[in-house]
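A quick write-up on the structure given underneath.
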Amino acid sequence: MGERSLLLDVGIRTVFHTVLLFGVFLLFAGHNAPGGGFIGGLVTAAAFVLRFVADPEGRSGRPLPFHPTSLLGGGIALAVLTATASWLFGGELLESGKATLDAPLLGAVKVTSALPFDIGVYLVVVGLVGTVLTTLGTEREGPT
Amino acid sequence: MTVTLALTVGVLFATGTYLLLQRTLTRVVIGLALMGHGANVLLLLAGGRAGDAPFVSDAGPPPGAADPLPQALALTAIVITFGVTAFLLALAYRSWQHTHDDDVEDDPEDKRIAALAHEQHPPARKDEG
Amino acid sequence: MRRARPILVLWLTIVWVALWGDVTVANVASGIAVALTLVFALPASGDRGRATSGGAQIRPLRALHFAGWFAWKLVEANVVVAWEVLTPRNKINEGVVAVPLHGCSDGLTMLVASCVSLTPGTLVLDVEVDPLVLYVHVLHLRTIEEVRDEVQTLEHLAIQAFGTAAARASLAADHERRRSASTDVATGKDRT
Amino acid sequence: MIETVSTIALAGLAVSGVLCAVRLIRPGSLADRMVALDALLIVVVSGIAVQAARTGDGTYLDVLVVAALLGFLGTVTVARFIERRGA
Amino acid sequence: MLLLCALAPAATVVWAITQAGDVLDGRPVTEQRSWVPSLGVELAFRLDGFALLMVALVSGVGVAIFAYASTYFSPRPDLGRFAGLLTAFAGSMLGLVLTDNLLVLYVCWELTSVTSYLLIGFEDTKAPARAAALHALLITGAGGLAMLAGFIVLGQAAGTYTFSEILAAPPSGTAVGIAAALILLGAFTKSAQVPFHSWLPGAMAAPTPVSAYLHSATMVKAGVYLIARFAPALAPIVIWWRPVVVGVGIATMLVGGLSALRQHDVKLLLAHGTVSQLGFLVALFGAGWEEATFAGAALLLAHALFKATLFMTVGIVDHAAHTRDLRQLSGLHSSLRPVAIVAVVATASMAGLPPFLGFVAKEAGLGGLLHEGSRATAVLIGIVAGSALTVAYGARFVWGAFATKAGSAGKAMAATPIDQPGAAILVPAVALTVATVVLGALPVLADPLIEAAARSLDPRVEGVHLQLWHGITVALGLSVLAIAVGAALFFGRDRVARTQERLPRTSSGTEVYQATLAGTLHLADRVTSVVQSGSLPRYLQVTLVTLLALPGVALLGGPGIPTDLPIAENPLQVVVAVLVVGAAIAAARARRRFAAVLCLGGVGYGVAVLFVIQGAPDLALTQLLVETLAVVIFVLVLRHLPERFSETPRRLSRLSRIAVAAGVGVFTASFAVIAGAARREPSISGELLARALPEGGGRNVVNVILVDFRGLDTLGEITVLAVAALGIASLVLSGRSSREAGAAAHDPDEPVPAGGHTADHPRTEAISREGTPLG
Amino acid sequence: MILATSFGDVVVSFLLLAGVALSLLAGIGLQRFPDVFARMHAATKPATLGLVLILVAAALRLADGGDVIKLLVIAAAQFITAPLGAHMIGRAAHRAGDQMGPETTVDELAAARRQRDDDD
Amino acid sequence: MRVLLPLPVVLPLLAAGTSLALHRHRWLQRALGLVTLTAVVVASLVLLLEVRADGISVVDVGGWPAPIGITLVADLFAAIMLAVSTAMLLAVLVYAIGHPATDDASRFFHPTYLVLAAGVSLAFLTGDLFNLFVAFEIMLIASYVLITLGGSQEQVRSGMTYVVISLLSSTLFVTAVALVYAATGTVNLADLAGRLDGIDPAIRNALGLTLLVVFGVKAAIFPLFSWLPDSYPTAPSPVTAIFAGLLTKVGVYAIIRTQTLLFPSDGASTVLLVLAALTMVVGVLGAISQNDIKRILSFHIVSQIGYMILGLGLFTVAGIAGAIFYIVHHIVVKTTLFLVGGLVEVSAGTGALSRLSGLARRAPVVAALFALPALSLAGIPPFSGFVAKLALVQAGLDVGQGLVIGVSLLVSLLTLFSMTKIWAGAFWGEPTEVEASDRAGGEGPLRAPRLMVGATAVLVVTSLGIAVGAGPLHDLSSDAASGLMAPDRYVGAVLDR
């Protein structure tokens, strides 16, 4: 039967965005502090798991706002494209590019190709956990 | 590299092995996970002494920084093992759907041959030619 | 929930900036951007459409009162449980008490339940909605009424501190009714 | 002073951690193990926080944030899904 | 179709004739193409005298056989296959005799074995044919492999695989002895020498054209061919060569002859006769004596002619009378008179009666052996005895196939009814018989070829010639003796049969073969049932025991465990380690799934703390998160499964599991410290730490490694994750689709749920104490 | 955030020791209390309070403002998630039929459930 | 060259991502797979030619010089393996597309298959021990998915065996990497070659044997092979075929690479020779005891791995050249035979010998397609297997290893016996009713889809081509073996630039 719990619902609703934000933070901070695509992705995925645990049947909407398969494909594609970008322009495979952009207001923003690569990683991790939730997570219990 | 950690690795491998040698897939998966933990700790051990987190300041790396390479390798290994374990669990689930159990059955064809082999006389086989 | 969104965005922005460690234009701007993206692209899965799920208003003094009261209860309870743990004699007398509440927003319900649960000696095992009843596990049960009183007081203080005007009005009306009825409050069992 | 105190604190946490672990390991009901695991995690987080207080180094705080935000996820999930079977 | 295919051997005959001039003059024709030069495999061909003889035989008899086969078979759809195989065989056989490279010879040798297999099994719906095909293949195949090894040993000793070079300058040493033994194994099996002869009678399951061609005229001569080539070179070097080879030949001649006398199937009778004649040939060639070699060449030709003829006649008889059992054949001498005449002539040649080629050849052999003096006495006695047997079984054949037999009660047996065959079928047999007669009467016609053949084998052959009449000689006397004894044996056949019955039956080659085959099959089953138990735990155990047995044992010889290791770098390390160890042991002991998972979680969190202590925040974070998510996934699956582990009987005892587990634990722990102490150089991480910020652009070195230094690892890793996700989806969705299919039409193949887990019986209480559910 | 060193150290020390004491309480309680519900009162709650005290101590020691807010986030998260965990475990345990102490006299939740099951 | 080297890894990965996105359009998935693998085959062949002409080709991934970053290295051995393997991948893909049961019906087939290709390529090209682990994992996870693609009960049961054993060996791989790193402080193969030289020989030996066990599981050598015959036969035919052809050979590749580069031996290695002999014997005995075409063939994989290990164990240029030639031959022939097994199953409805009969009459093309590679497998001349066997026998006898060579010859006889068992059991005999096949009842001729037959026929022709071109191919193998026996060249190419 598996009743939902009001407290769990509300509690998870309370922390959900904070966890998400933390995941994004870890993704971006990872190059200089603990974190990175994996860790950020895992935290983000955990946020969706939280929401799933509160409402496994998805009675109040889809548990995931995205199609996990597209995250998987997109993540791989982004990572591979980043990896090959420099190679296509005559550099080595996976050679990282670095640039410093002068953005208005923001000041100097350092951009490295490590970031899109890490974002690819991030997407795949979220996609994997999302796949688990939409497949194993939504199987009905009891004998088939 | 310390006695404590080496022993921990040993115990993780031993308990993992113990679980691995059983019939129930859940136990096997848990056994593999324990061995995986052992391997990861071992990887970290391979880096040598414990140290400061390998973060570089503008002044350069901290003098007592831990070896970062095994950390990166272990991280990769952990994540890969995670993915494969998830798949194995899905397999266990599918197995349960088929057999309502997660025991790993013996191969039926092998059992048939074993039965043949233990008959008293060499099996009379037709059509060998 | 809609009304809560600006607060959420603000909170997330603060956390973002804090995580990055310094307040720069870039950090604040990116924080707002990230917060807005998260809040609007990934809304929390909807509430259950209950009328009581509403926004919040904070009245600092009342909030302080609430916090103080809770802090006191927390310390007291910790001491009691510590005593129980450290003394050899066992004075435990457990029970599960149904505590009917006045009813408030989901958020406040959570707050009250969390406070109850955080306090050693009481623990919310289950919640019923419409009408709102908390089932509280008690370590040292003396009387059922004592438990109900304490939890209801907590709810009262919480609504006073954080409830909307409507909620406070409803609470006052309820008090009035109860005072005039002046009878025993029905048990949770009776109410179902 | 902080050195000494934090050493004592870590020792105390170690004892506490071992006590929690014993409850986790000892045969008992699942709920018991979950409670123990929860408590153990809090003790661990406390330990890392003590270490942070001792060194003044915030490197490991992210670990704490993750543990505090998500540490309960495991036990809650177990609780969430096993209660169905009991019911 | 078959006649068309006869064009191939016919063309070969023509080609051989064009080359004959040079060859007969002692100038071999050679041709060379490269194939695998680095392995010494050169497509080198060399047409010398002996090769020319073999070519003449293979292609000449081949033409006859193709012609015979074209009338032998009634139209059937698989004649194309037959023709193809027969042509392939002829080609292989030609290659075998023409090549001058030992390895190419082996190639052709095996090809003849394979085509022989397919041809013996041509009537593949008949189990005996299939079994006989296999029998022949395995025996000749085994010998062939030994021969290959022998060739290689010989070739490596000689430094070349060129046949003619090796024979011209044979190497010496023990290696050559070994090589000779191995090569002889090949030759003996191929040419059905005792004790490897059993396959040849079995091969009679093949259609008669095949028997006539492969199993009498050509393929079985391959071994003889090899011995003939090697004997002059190796007999002087390898001391045991002569006694062994000649001994085997004589033994085969006698065994074959005796067996032939026992046969009732006239085709089998001929087959055993072939065995006997092959022994004769081996004995003649094997000694490596010039005149015997010369005689061998002559007999080779004679045998091909008469034996192919005889098989053809048997085929005609079989087709006409629908039986080959001499107890049922009667009166065919009149109903199949032309066939009978041909058969009688061929038999006479076989029995060594003048004036046929067989006689000429045998006379040459006896004469040659007599010239060798006392060392050949034993051989002579054997050959005379064998010849007597030949006379006897020859007579038995003619009598058995064509005579009018005595029936019951003293009356003659009724003539076997026959379907009169067309005349065309006899043409090839007649042609071969004509050759037998003409060459017997005018041996000078064959003399150049035989002489060239013998001389190419042994240059010392000089001044020997084929002659019908040598005058009254000892050899002639021996011939007469053989004929007389043979006749006596034939006329006393009933007594001979009774005597043979009384002789103790030694196990025949066939029985040994069958026992070996059955034994191999049984061994295979036994071995397989041990190593391939089908049990996953057993496989895992074997893997881990191997780990202990190989590197584990190797480690024992190492420097041992260093003694100067610190206990711990930090007291907390000890505490956490104890926690991890405890939780791991609890996980191993847990009887309930969720309990085990929670303990595993405890281990994971503990390991995360170890990472913190070790100075690895990224790793600790990852570990913490992965562990949490792993618990979630475990729960998602385990919620479906029974609460407790099933305690079905285990394949591995608890003790053996503990032993292996302890071994693995000790191995990894000690290897870890030993390997750590073995380090001589600092790790490469100094570079990584130094370059991370300036070149990698990041302060978190671990992250820089992951996305930059070793980005390829990470790329691979996310690929793994993505595919794992696909796999999970694939498995779960396959379950759903089969469920939907099952809902539409109840699938009877779907297993019935095991008892106790049905919807009506919720599984045991999830949260309860170990031991009693609610206590 | 930086207090005068000596006084600050005293405060930090006090907070640390108090936090650890609460943590120890949790450990001991887990061993001593008779049933799972009782143990829940002893375990997570004092430990949570203890953790918060330690976090405050750490906040006093850490110079970085960002770090302090991280500590705040940690404390807040702990305050939200700890009771949730306890609630879910307690609920599951109660539903699965885990026993309370022998002196238990009142269980209005079980009664309510029975009532509801009868109504269905 | 710098552009070419990573292509076989990168192209399939890119295509896999794209294919995933195209999962609703099977025809696009098919076209993408075919185009990509064709391109990869071409790239691999060009790479092979270039390596032959210019020597070892090296790419520092990310521009980080070894040993900091990961290096991709194509020596002749790697290039040969790459070329053969990618060609097989392409051929089998064609076959799979032609399979009437539509093995690529699952939208996951094409992306996963492409990932498999990437993993195999990376395993051949990587010059880094840990990256080799990653490559193995890529390959394995794809293989897990492919082997369980239908999710049937049999597949799941055998899939569990496969996955669990592989997972154990992966864990041991990580353990081995850790131990190697503990002893040397590096994971770059070229760097390791030098550093391992300096440590205690016993430890070095133990590390070598640990890696041997790790790769031995993947390569299915005795006694670590038992998982293979239990798991391979249950997969769809194209999947089994590509597994049979490639996966174990990647394990063998890793064994040869590490044993020659990191743990070179002065003379023949007794351990390897004993393992080789046991692998050959036990494998062939297993094959003899089986009664199903795919199972028989599966045991032969094991048996023939023994030949490859034998070549390595001799530790001579000739031996390793023989091993390389044997691998090339085996990949083609074994893949072909499994494809034929699939043809039999498709046309006759079963692979069980007890239920098959008389196929030579009813499906003569299939019979011919079986017979040629089967003879080759048994080492019958003039097919490629003979040349391979000859090379090994010569190499073995050259260094006086008569015993193990004798064993190998006996095993080749038993192999022939086992092939005749299939031949006599399935192709000879009275044609019988076809089971479970709705397409061809009765006793008429059986048909298999043209694309499948065509792909198989191309492979048969290829295997004949190996025999015909055995001379140059053996020279190539010898060159590759010389390179392996001179590890300094590899080390120099990677480290000194």
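A few remarks follow.
Note that the chains are named A, B, C, D, E, F and G in the order they appear, and that numbering of residues resets to 1 at the start of each chain.
Rule of thumb we're sticking to: a contact is a pair of C-beta atoms (placed from the backbone, for glycine too) under 8 Å apart; a residue touches a chain by one contact, two chains touch by 3 or more.
Just so it is clear, the structure is predicted and the values come from calculations on it, not from any experiment.
Between subunit F and subunit G, the least number of touch steps comes to 2. Between the interfaces A-D and A-F, more contacting C-beta pairs are found at A-D. The most central chain, judged by the distance from its Cα centroid to the centroid of all protein Cα atoms shown, is G. Greatest centre-to-centre distance from subunit F is found for E, with centres as Cα means.
Of all chains, the one whose mean C-alpha position sits at the greatest distance from that of subunit A is E. As a whole-number value, the distance joining the C-alpha centres of subunit B and subunit G reads 24 Å.
One finds 42 Å separating the Cα centroids of subunit B and subunit E. The mean-CA centres of subunit B and subunit C are about 45 angstrom from one another, to the nearest whole unit. Contacts with at least two other chains are made by residues 17-18, 22, 28-31, 34, 59-60, 62-63, 65-66, 69-71, 73, 75-78, 80-87 of subunit D.
Residue positions of subunit B touching 2 or more other chains, listed in rising order: 1, 20, 28, 38, 40, 42, 45-47, 53, 55, 69, 73, 75-76, 79-80, 83-87, 89-94, 97-100, 104, 107, 109-110, 113, 116-117, 127-129. Multi-chain contact residues of subunit E (touching two or more other chains) are listed as 121, 130, 133-134, 521, 525, 528-529, 532-534, 536, 540, 544, 585, 597, 617-618, 621-622, 625-626, 628-629, 632-633, 636-637, 639-640, 668, 672, 675-676, 679, 683-685, 688, 699-700, 702, 706, 708-715, 717, 719-722, 724-729, 731-732, 734-735, 751, 753, 757, 765-768. Across the interface of their complex, subunit B is touched by residues 130, 133-134, 137, 140-141, 144-145, 148, 151, 153, 156-161, 163-164, 167-168, 170-172, 174-175, 177-179, 181-182, 187, 230, 289-292, 295, 420-421, 424-425, 429 of subunit G. Remark: subunit A residues 5, 7-8, 11-12, 14-15, 18 touch subunit F in the complex.
Residue ranges on subunit D touching subunit A, taken from their complex, read 59-60, 62-63, 65-66, 69-70, 73, 76-77, 80-81, 83-84, 87. The residues of subunit B lying in touch with subunit A in their complex are 53, 55, 75, 79, 83, 86, 89-90, 93, 97, 100. On the subunit E side of its complex with subunit A, the touching residues are 617-618, 621-622, 625-626, 628-629, 632-633, 636-637, 639-640, 696-700, 702-704, 706-708, 711-712, 714-715, 718-719, 721-722, 724-726, 728-729, 732-733, 735, 739, 742, 753, 757-759.
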